[in-house]
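Both of the next two complexes hold chain A, though its partner changes from chain B to chain C.
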Partner chain A sequence: MANTFSNDEVLLTIPMRPDMELAAAKLASVIAESMSFNDDQIEEIQLAMIESCINAFEHSRSPDQSVVIQYIIRTNELEFKITDQGIGFNPTNKSTRRTNQPDLHPDMRKRGWGLEIMNTLMDSVDIMSGENGTTITMVKCKTA
Partner chain B sequence: MANTFSNDEVLLTIPMRPDMELAAAKLASAIAELMSFNDDQIEGIQLAMIESCINAFEHSRSPDQSVVIQYIIRTNELEFKIIDQGIGFNFIRNFDRR
Partner chain C sequence: MANKFDIQIRAEHEYAVLETAGYLNDSLGERLSKEAQELIEKGYTQLVINLDKTALINSIGISILIEIIEALDERDGTLNFCGLSATQERTFRMMAIAKYAGIFPDEKAAIADF
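Right, the complex of A and B next:
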């Protein structure tokens, strides 16, 4: 395993169990703090991380019940890759879902906004999903 | 890799660079908090984690310059394994030193 690990990367594996998304978010906040992100940005990073982990916990149906998170440290940005080995999903279906269901119950309208929230909080969000799992890549820039 | 990962374990890999011991300590504190350890205990856990990581950073001479930390969650205790792939040391001699 020598020399395969990058000096700019932190790697976290968490089990899919309650509150573990908070551990992942807290780690993100410490790393962002050490990179001198401001408080608002750190808050946004934490929220996006929590959303992303909970998505994986609730929907991935991963056989190993774990989520792997890469925190990649660059000069002016922090990148997160959140990976599960679940069944995957079609991200293009999600973006149109709300507008196609005007009769949706108000309570249900409060659910399922995870991806939209992540897009608002981060500078870029990319989703790669297939039958072997899903990787969500989110980037936060220091000077957005 | 399916089913090899325990539900009670968090696994962290950090590079040996400044402040990364704080990331490991903060993660420990977040997990300890979820397990309802008290504030003094959480403080103690953080200090021990920081010491342990800095030891590895400064003395291990690990070729891959990384430290792996396992956080193992049990009903009434939290176990930490801090692992480097460095040159090792004679810990018996070090304990006797004082």
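Right, the complex of A and C next:
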């Protein structure tokens, strides 16, 4: 499933099937470990990767039902591009997944956390979304 | 990719501990919610969720944890978490979960808080 096309990049295509986000997270973990990211950073990368894949699974309505993930290895940072060919989405809209029950505590809402988790755990997150699909670009920098 | 998960439950006189193993997503979350609801209906209002064997968690799984916190809130109960990784704890604090549930390093400390 993984396809290496240069010394510094790895390409992975996953189907939009339950738990396939774990495959993307596992590969991210392997690459980050090979670059000597520390354990906390590797976990942060995995959680952000899981959220980005779930975002595509839930929102994209992609006709090919797949997500392409590009892992770009640089000296002191790892970049991820998570791309779907779906209908795009508005990053400011909160997800309505799973439950529409009102939140008991507004500051502890039950939905719409994916992008905030990515932003919290990664050094940068950029979203390009339009009618031909969405690409989320995330960068994690190595710390000493 | 099979996601192997499990929930161990230890119900004591005044509290119960739910220990998860595996990826906490919607599947494990729904099972956890069902087990927690059954304990609450039996009268347990002091619960500990031990995440020591749960290395990965997603936002859907966390939303189910919030539902458990809310269910206990409605009965003046308490939910304490333990065994979180540093990243999980950071995420829980960002999501305001630490305001409405306890976060402790281990099961002993989580139980002692009741």
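Quick note on the criterion: the second predicted complex is superposed on the first by the 120 of 144 C-alpha atoms of A that agree within 3 Å, B and C clash if a C-alpha of one lies under 4 Å from a C-alpha of the other, contacts with A are read in each partner's own complex, and residues count from 1 in each chain.
One rule holds in what follows: a contact is a pair of C-beta atoms (placed from the backbone, for glycine too) under 8 Å apart; a residue touches a chain by one contact, two chains touch by 3 or more.
Just so we're clear, the structure is a prediction, and the values are computed from it rather than from any experiment.
Peer 1: So in the superposed three-chain picture, is A:V30 touching just chain B, just chain C, both, or none of them (first/second/both/neither)?
Peer 2: After superposition on chain A, A:V30 lies in contact with chain B alone.
Peer 1: With both complexes overlaid on chain A, does A:D40 touch chain B (first), chain C (second), both or neither?
Peer 2: Only chain C is touched by A:D40; chain B is not.
Peer 1: Should A:M49 be classified as contacting the first partner (chain B), the second (chain C), both, or neither?
Peer 2: neither
Peer 1: After superposition on the shared chain, which partner residues are touched by A:W113: those of chain B (first), chain C (second), both, or neither?
Peer 2: In the superposed model, A:W113 contacts chain C only, not chain B.
Peer 1: With both complexes overlaid on chain A, does A:D19 touch chain B (first), chain C (second), both or neither?
Peer 2: It touches chain B and chain C both.
Peer 1: May I ask you to decide whether A:H105 touches chain B, chain C, both, or neither, giving the answer as first, second, both or neither?
Peer 2: Once the two structures are laid over each other on A, A:H105 reaches chain C alone.
Peer 1: May I ask you to decide whether A:I127 touches chain B, chain C, both, or neither, giving the answer as first, second, both or neither?
Peer 2: neither
Peer 1: Tell me which partner A:S66 touches in the superposition: chain B (first), chain C (second), both or neither.
Peer 2: first
Peer 1: Do chain B and chain C touch any of the same residues on chain A, and if so, which?
Peer 2: 19-20, 22-23
Peer 1: Give every residue of chain B touching chain A within the complex, in rising order.
Peer 2: The contact residues of chain B facing chain A are 1-17, 19-20, 22-23, 26-27, 29-31, 34, 63-66, 85.
Peer 1: Could you list, by residue number, the parts of chain C that touch chain A in their complex?
Peer 2: 1-3, 23, 25-27, 55-60, 62-63, 66-67, 69-70, 73-74, 85-87, 90-91, 94-97, 99-100
Peer 1: Under the definition above, what is the set of chain A residues touching chain C in their complex?
Peer 2: Touch list, chain A to chain C: 18-23, 25, 40, 43-44, 46-47, 50-51, 54, 97-99, 101, 103-105, 107-111, 113-114, 116-117, 120-121.
Peer 1: Okay, in this complex, where on chain A does chain B touch?
Peer 2: Touching chain B: residues 1-17, 19-20, 22-23, 26-27, 29-31, 34, 63-66, 85 of chain A.
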